[in-house]
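Two complexes follow with chain A in common, the first pairing it with chain B and the second with chain C.
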Partner chain A sequence: MRKLDYTTIFFALMGSFLVLFILIPIVNLMFSSDLNSIIANLQDSQVISSIFISVYSALAATLIAVLFGVPLAYILARHDFFGKGFVESIIDIPIVIPHTVSGIALLLVFTSGGILGAPLGKLGLVFTNAIPGIIIAMLFVSSSFVVNSAREGFESVDPRLEKVARTLGSGTMRTFFVISLPLALRSIVVGSILCWARAISEFGAIIILSFYPLAASTLIYTRFVQFGLSDSTPIAIILISICLTLFVIVRIIIKGWRSYDKN
Partner chain B sequence: MIKIENLSKDWKEFKIDNVSLEINDQEYFVFLGPSGSGKTMLLELIAGMWSPDSGKIFMEGNDVTMLPPEKRGVGFVYQNYMLFPHKTVFENIAFGLKIRKLGKKEIQIQVQEMMNLFGITKLSKRLPRTLSGGEQQRTALARALIIRPKVLLMDEPLSALDRITREELIQEFKRIHKKFNVTIIHVTHNFDEALQLADRVAIIKEGIVSQFGDIDDVFRHPKDAFVADFVGTENILKGIAKEGEDNLTIVDTGNIEIKSSEKKTGSVHATIRPEDITLSNDKVPTSARNVFKGLIKEIYDLGTIIKLTIDIGESLVLVLTRQSFLDLELNVGKYIFVYFKATAVNLF
Partner chain C sequence: MDKKIIILAIAITGIGVYGYNVYNADSAKGTVVIYAASSLAGQMNATAAQFEKEHPNVKVQIKYGGSSDLINQITSLNQSVDIMASADYGLIDKNLKPNDTSFNLKNGRNEMVIAYTDKSKNSSQINSTNWYQIFSQNNVTYGIADPNSAPAGYRSLMMIQLANTFYNNSTIFNNLITKNSAVTETQNGTNQIINSPTNFNPTSKIVIRPAVGDLMPVLESGTVDYVLVYKSDAEQLNSSGVKFITLPPELALSNTTYESTYNHISINQFSGTNKTKNVPLSPIVYGITIMNNAPDKQLATDFLQLLLSPQGVQISQNNFIEPMTPAEATPNSTNIPSVLNPYVVMP
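So, the complex of A and B:
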């Protein structure tokens, strides 16, 4: 057995602070409500519909992020061009600005008179106090997870693999789909999960853009403000259970995923 | 024939500067140069992986300069093989045929034939990461050759392999060169590889072709100090080998006879590494099978070591430490005894 030295023990003790700091409130939350009130909440149609809205909108936001983020990630991984640093910074901006600020920025553009809201409104797409508003709020704050993770995935694929495929007769598009994409898929999936999880947890931008229909995070907030802790806790437990279950399932899938670069 | 005309391309770290070359059909051509000389980039330019800043590339008389790699019909083998890690050996080899939309049965037959040829049939269902270097290299060769390319480009194909596997693959390269009637361009920094394989060689330095031509010619008449330095680390003698006594091979160069412990007959090259040669002022009893009296022609002071050229009927280069050089009291025009063992003489 490896001998533990004082430095390792000291660092482990220091490091366990953060782990416990995150773990204790979550575990405590899980046991902060009785089963009856959880079941009662599960029968509350408003709770169910708000959870559905959150899960569904986050999924839609993730799909949009993947559809547009993966091509961008590939370009960023493979090409150097003027303004690349600028593009990378733009993708990361939503991470550093307060989410309420993101919400206000989106609202100004997507409101019925806004520069994007007006033309899209003519096509029948309404963003304020509507599900599309929740989706774009989620997309704005979480898409960078897909782009950054996919980009790392593509960067780890040796460009020479693509070059060899091309000498064997494969065109650029086909090479992308049969070589680059499968090899980067793990990173893209990881990024998508982070994106989805981040989207579900969004609150700040959503309440400004689309307070109604109530997303789960908004519902928890309104119940807390109106009725206090005892009414909001069961919903929080339901939401966190759904998220953790999905998170664990995905972690298991990822772990079993064939990794080609390791022996 | 591949014709390269005034080809130039500047990447920041590397550049290819006004390269012109002609490579004949079915020739085994070697680009020889130190790392960072741009030889891989030149190979990738020929494959169509980059478009040049200026200049042209012709294959069989057609201008292919702007053709993408998938339209050039060249095979490519990299140093690290670049097998598709998510595909099995079979799928890797079948890749080019699948793109050509061959039927499943036809693919099966052709891939099987290729795997038999390279002795990798048993590995069919394995993933690349589970293979040894030699197995990966054979798979990469099979994958490149199955599309019957007219030209096979190989980038340092032997560098990542151990000595024994390297020797095996050198024989393999000779075999496929004949069998597939393919023009091979092989990039290496290893002069031995060039000696053993090349019909002709181009010495590349900082993106420029310093010299090209017949391998013996380049070796015997290096055009400048760089080429001489790069190729001149060994003594290479051409001769006729025949069986001699004590299980030894005798190589007759026309001027002297050298004994080697390697078994070869017919026309051969014999190489002797300079550090395998020893000197003494008087004839001493020794186990070395090759003993000659030679005349010191040239002495180069390289600092801690001294390089000598000695005429023993053939010109030999050897190196000494400064101390041994002083102890032996050597100077130009002096006669000296030269010894090297039969095991120090490599034949190919």
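So, the complex of A and C:
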């Protein structure tokens, strides 16, 4: 065993601050309610429907993010073009602006008279106080996870592999689906699950766009302000368990899925 | 390069220390913490600005929300609050007196109106006699505060129930509310009881927000056509294009003359749970109190003195809350600070 020097011990002590700072509140929350109230809440149809709305809206947001984000990520990974830095910054904007601001920005555009809300409304899509509103709020704040992660994935695929495929007669589209996509799939899946988890946890933009139907994060908030801690913690524990499970799956995928590495 | 970073770090630290001293409430001589109904935002902000001007180094921190929510937070989360200002004085009498506070002063009035903008559907036709017909038209949407969170919400529901009798049309409440939400009503002799479950579960016709203040941006953005709010909320946004129709005095809930017709209507908040609370319909009267465990009772008393003084009354009028002068203590109010005596009558 390597001898521990003072620097390592000192840095480990300093570093453990953040670990404990994050861990203590979460572990404490997990044990701050009793099993009976958690079970009672799992039988509450409102809790179940809210969690269902959150999980499936987040899934829809993730699928949309993958559908449009993966092609974008591929372009960003493979091509240099004028304004590339600008495009990259735009994708990251939702990470740096407050979520309530995102909510207001979306509300102005997607309200029934807004520049996107009006034409889409004619097609029967209503975004305010409806599940599509929850989905776009989630999409707005979490899509960058898919783009950034997929892009890293594509960048790790050696362009020479694609060239070889093309010299062997494969078209560019076929090359993408047969070579690039499978090799970058791990990063895309990791990005998608992070996007999903981030979408489930969204609150600020959702309450501005769609207070009802109640998403899980909104339900926890209303239970908190209406009834206090004892009624909101069991739902918080249920939701945190779902998010942590997703997160553990991500870690397992990252660890186990090493089918290809450029280096 | 290293020098630049050090200079930058010193500059940022300097600004931080300066900002902390200027803006941090703890460095002030005192803090008044107020929980207030969101419809009081205009009045309270203006009063707080005046108070801070008269008391340099004192900070007024106000949290706005639905009055039911705020009172629940005080009782269930043991928040340290100096002053509670409720949109329904009855909530203070029922939930805070006598354990959390010893007195309650009725100090202002308001009335229910229907607010809209030029973007609202059929807004050129709506008036105080046909509003419920416009509301029930296809594609017309209306916003209500959450009846479990805010007095404006439960008053809106009970006003619509009252409209059944007033317009002699027993389908209004059913068409506007029961059909479009999980709300139900039960008749008990001559008494009407509205049941408001924890999940309002509105159809696309009804927009719900936690407090009356949260409804205004929804209206302004065009997300909803009409909102049931207080007159002060609508008047404050007059310059931004918000208009309103007044309701007949029997329905506007501002006039104590009609109090006897209100007695047979009440609402069960959180119906179907063990937290059910029955709230009777009453005219819109605000109540204000200082909490027994107020961290700074002296400053809280000073603030209330300003609020009830002629200057505070003027601020109230400027912000469209009709002041009650003198303020009226509710029955069994005790320990009212003596400096407030000139502005208060006992019941």
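One rule holds in what follows: the second predicted complex is superposed on the first by the 256 of 263 C-alpha atoms of A that agree within 3 Å, B and C clash if a C-alpha of one lies under 4 Å from a C-alpha of the other, contacts with A are read in each partner's own complex, and residues count from 1 in each chain.
The working rule: a contact is a pair of C-beta atoms (placed from the backbone, for glycine too) under 8 Å apart; a residue touches a chain by one contact, two chains touch by 3 or more.
Predicted model only: the values in this text are computed from it and were never measured.
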Looking at the overlay, does A:Pro182 come into contact with chain B only (first), chain C only (second), both, or neither? first
Should A:Ile235 be classified as contacting the first partner (chain B), the second (chain C), both, or neither? neither
Considering only touches as defined above, state whether A:Ala165 meets chain B (first), chain C (second), both or neither. first
According to the stated criteria, A:Arg174 is in contact with first (chain B), second (chain C), both, or neither; which is it? first
Report the residues of chain C in contact with chain A in the complex, numbered from low to high. 65-66, 68-69, 72-73, 76-77, 119, 146, 148-149, 198-202, 204, 207-210, 217-218, 221-223, 270, 275
Of all residues in chain A, those that touch chain C in their complex: 46, 104, 107-108, 111-114, 126, 128-130, 208, 211-214, 222, 225-230
Write out the stretch or stretches of chain B touching chain A in their complex. 44, 47-49, 68-70, 72, 74-76, 78, 80, 82, 84-86, 95-96, 99-100, 127-130, 143-144, 147, 153
Using the touch rule from the top, collect the residues of chain A that touch chain B in their complex. 158, 160-161, 163-172, 174, 179, 182-183, 258, 260-263
